[in-house]
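Before we start, here is the structure in question, set down as structure tokens.
In order of appearance the chains are A, B, C and D, and numbering begins at 1 in each one.
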Amino acid sequence: MNAKSPDVIIVGGGIVGTSTAYFLARKGVKVVLLEAGDIAGGTSGACDRAIMIQSKNPGPLLKMALASAGIYERLEDELGETLEYNKKGGMIVIEREEEMKVMERIVDRQRASGIDVQLISRKEAIAIQPAVAPHIIGATWWDGDADVNPMAVCLAMTRAARAKGAKIVLNTRVDSFIMEKNRVTGVNTAAGPIRADRVLVAAGVWSPELGKTAGLKIPIIPRKGQILVSERIAPLINGNVLSGSYIACKHNPKLAEKAGQSEKKLGLGLSLGQTKNGNLLIGGTREFAGYERSTSSEAIKAIAANAVRLFPSLKNVRIIRSFAGLRPYTPDGLPLLGQVEGRPGMYMAAGHEGDGVALGPITGNIMADVIAGDQVDWDLFPFNPERFEDLYTS
Amino acid sequence: MPDDKLIVCRCEEVTLDEIKKAVKDGASTVSGIKKRTRACMGMCQGRVCQSLVKKVLAHESGNQADSIETATSRSPVRPIQLGEII
Amino acid sequence: MKTDVAIVGAGPAGLSAALYLARRGLGVVVLDEYFRAGGRLAGQLYENPKKPPGQRLWDGKAIAEKLSGDVKKAGATILTGVSVWEIAPGSGVFISGGPCQKIAAKAVLIATGAAERAMPVEGWTIPGVMSAGAAQVFANVHGVLPGRKVVMAGIDPLSITVAGELKKAGVEVVGIFLPPPGILAGSSGLPQWVIGELSRSADMAPGTFLKMAGKLFGGSYREVGARLCSLAPANIWGIPLHLRKAVIRVEGEEQVDSVLTARISHDGKIEQEDCRIEADAVCLSGGLYPLTDLIAAAGCPLVSMPGLGGMVPLHGPLLQTQSKGVFLAGSVTGIEGAPVAIAQGHLAGVSIAAFLGRLGKGNRHELDRAVEMVGQAREESPLKFYPGADGARKELAALWDRWKINSAGGNYA
Amino acid sequence: MLRIKGKDREKGREGDQITFTFNGLSYQGLAGEPIAAALLANGVRTLRHHEKSGKPRGIYCGIGHCYECRVTVDGVPGVRACLTPLKEGMEVMSERAGEVTSNEN
């Protein structure tokens, strides 16, 4: 393609790929980012905007989310662009006793991990969130949760990377790896082959297809999330809101069994936030439906009913569109980060499911260190792509 | 005519200048313009401005306006109150 | 609510389909966002020179009234003030603003018509600036004028017709101008292109104003050339038609108070700012395009057909689509006039009856007849909105055949 | 008045003269005509102000596609004035920046 080969090829222009490109370029590493469509054209452009840290499972993921939050706090200054970053807190509303029990345990563990998340009373919750339904029995609240415009983040990272010498190639699909025995030495694209010693796969749900060409079975499955967008309204929602049922089911799948058939299939749970422009983002679903990204009236109605139950005044609000994104689900809920030992030259950073926005910056930061061969301050063992036994098919 | 004064998307007040800048930033589809500028994302959902956005995209890329793909239509195609569908 | 057929759009196409289906004894619910049935028929009043004497008058409002009356008499339900927000192929449509949330139906007809293409000019958000179509609706349907002193920007059959209608209603139409040149106006900002388009459509123009335009531009190339060189406006019934001047800015704070024009070169460049004209309303015209969002959201592919006004849903000769049980009629299939829409509505009705097994074996000829009638309506059509419509229809038919073969026949014999 | 007089008055099939208010001021209109038509007939062109810029907006497409003419009618926000028939005593309000609330249950 170009005369001089880059040091590193990044496949994927979502939040993980663009932030890795930025942090690598900042180190002076010569990067080419290849994107099949447009920046934030996949999952990063079809998600909500929550950086909800209190909902993360205590452990390595939570630790990373906190580090990522630290990067976000100074990112607007660093990149010189507005990212609509807003640290205005987050709430998980609790409707039922069994949810309360699960949430109590989660809150205990999170407090032990150093997050000052509070269990608050119904009255306190209503004081913070006047629009919430009076039937809730309590809530959690943490000041440290935030939100951001994920598309703005990807675009700003891209511009900053470009300014530091990275080459960004859009509308260029990577079809396969170039292999020399087990070693990855480049990629084949529609525009021709590109060689590099190191290739990072940051293609989210589209990573498995590419992995196949290197004899890998990457265990990422698309999980569809449908979200509604409202008309612009006056400020109504403070910070981000999740429903306890969503978190409780995530941490205690037995609770999900109680949900109705249709709810179970859709994986229904409320997520609610308001953009700087005043639009509400009302989620959502978690469905295994392959790679199709359609929205359905069934889901729209279910999301609407769920939202109005928890925020009754939403019944007067108009929704103006819906969209669906594909979250990269992994069997153990952790992303695949690091070098693929059996394929020298190949690196992976994919599989964040719904945590991509929260973890994108730190992921890019860590991967830049890993790829550049710099000292890595993180224990990446839990994220090792080789933890999946059947990763290699050849 | 000054491009920064000519509004293309009435709902979100996006100017021709902003749309041209988005093209320079890499947008090659209506969706690329949407995520960079908010054009086509207001109450009318692009019924008024999408054809204009496509013209700019086509012009800047040297193609025919009809070669630019229309953004995916998704329900609801008209604003609806949540209370009406529960 | 449950019925056999849900029809989206109570314009000429939707009503004509409803009439046929209801008379066949099928349950029909017609839905429209407007509070009155008739669609764009309501604003139409012209004479069709292609019809025999005595049959030339096209009184859209009278036709709409008769048609919706007949539809109701035949037993169909017309629900107005209702928006359809999603088609559920095979099971009906979801609605807002109606007596229920869903109209369950075995077949759906999309007859959503057209929308106007925007023709922006600096200052076009100032109150008093509206689309040419809006001015037509307010003047002809509601009997309210857009202003006392009106400037029209954009030169096409619709804008000339509306300017004439406004003048007749007592408005001072200051002039019809080119739109501001640039990317957004494209070829419609080029004097030469505009003249070509006008002469192509004006020779069979309905209504006095377009006929006047026909006389002006339908003549020899020399005459057209002379017009191009001349800076003086043409004159259509006292309305100056400026082929070398464009509206480049609308001015005013709370509402329009003036319009800035500029002289335009042959190749569509601003030569010099011309003058400031006082006006209290500006109409913008950019032509029509098929309103396809509803059918597209149902997953039907759109294909680009400039001859039909833009992107149109892929559909077959019997107005069927790739979604089983979803049919189309009227301008959503491509921009054409109301008589064609009525004929298409009838065809869609017959086609839906056949789809539902309600046509009866002895009545297959009705389908052929209905197809013929659409052809005939096209022949007699007084106005072609876009050149190349016939070619586009053929191309569309070929695309449909190719899809049918590739998908092993689809659902249609 | 911008209303077509005389014989052409029959163009609209609307009914009797009725009274309604817009932003608290009283106007006359014809029952059954669109709110936007009644306001235009009274010379009222500004129907709302843009939520972000505060710039005035009025009728644009006239057939319900553009949502520029949305107003609050008897407390219900986001109503398209071009599609909504006028009724006696209707209270019509502009929607202004920051005033579009949906808090009331």
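The rule is short, and it goes like this: contacts are C-beta pairs under 8 Å (C-beta built on N, C-alpha and C of every residue); 3 or more make two chains touch, one makes a residue touch a chain.
Small disclaimer: the values here were computed from a predicted structure and weren't measured.
The chains that touch both chain C and chain D are A, B. Each of A-D and B-C has its own count of C-beta contacts, and the greater count is at B-C.
Of all chains present, the one whose mean CA position sits nearest the global mean of protein CA atoms is B. Inter-chain spacing, taken between the CA centroids of chain A and chain C, is 45 Å. Chain B and chain C have CA centres that are 22 Å apart. Chain B and chain D have Cα centroids lying 27 Å from one another. Across the assembly, chain B contributes residues 10, 13, 42-43, 45, 47-48, 74-76, 79-81, 85 that each touch 2 or more other chains.
In chain A, 231-232, 277, 294, 297, 300, 314-318 are the positions where the chain touches two or more neighbouring chains simultaneously.
Annotation for chain C: residues touching 2 or more other chains are 33, 86, 94, 115, 125, 291. Because contacts link each chain to all the remaining chains, their graph is best described as complete. Those residues of chain D whose C-beta lies close enough to touch chain C in the complex are 2-4, 8-9, 11-12, 14, 33-34, 36-37, 40-41, 45-47, 50, 55-65, 82-85. Only residues 1-2, 5-8, 10, 13, 16, 45, 47-49, 51-52, 55-56, 59, 65-67, 70, 72-78, 80-81, 84-85 of chain B touch chain C when the two sit together in their complex.
Residue ranges of chain A in contact with chain B, taken from their complex: 37-41, 45, 151, 155, 158-159, 168, 170-171, 230-232, 277, 282, 294-295, 297, 300-301, 304-305, 307-308, 314-323. Chain A contributes residues 130-131, 231-234, 236, 277-278, 312-318 to its touches with chain D in the complex.
Listed in rising order, the residues of chain B touching chain A in the complex are 25-29, 31-32, 35-36, 38, 41-43, 45, 74-76, 79-83, 85-86.
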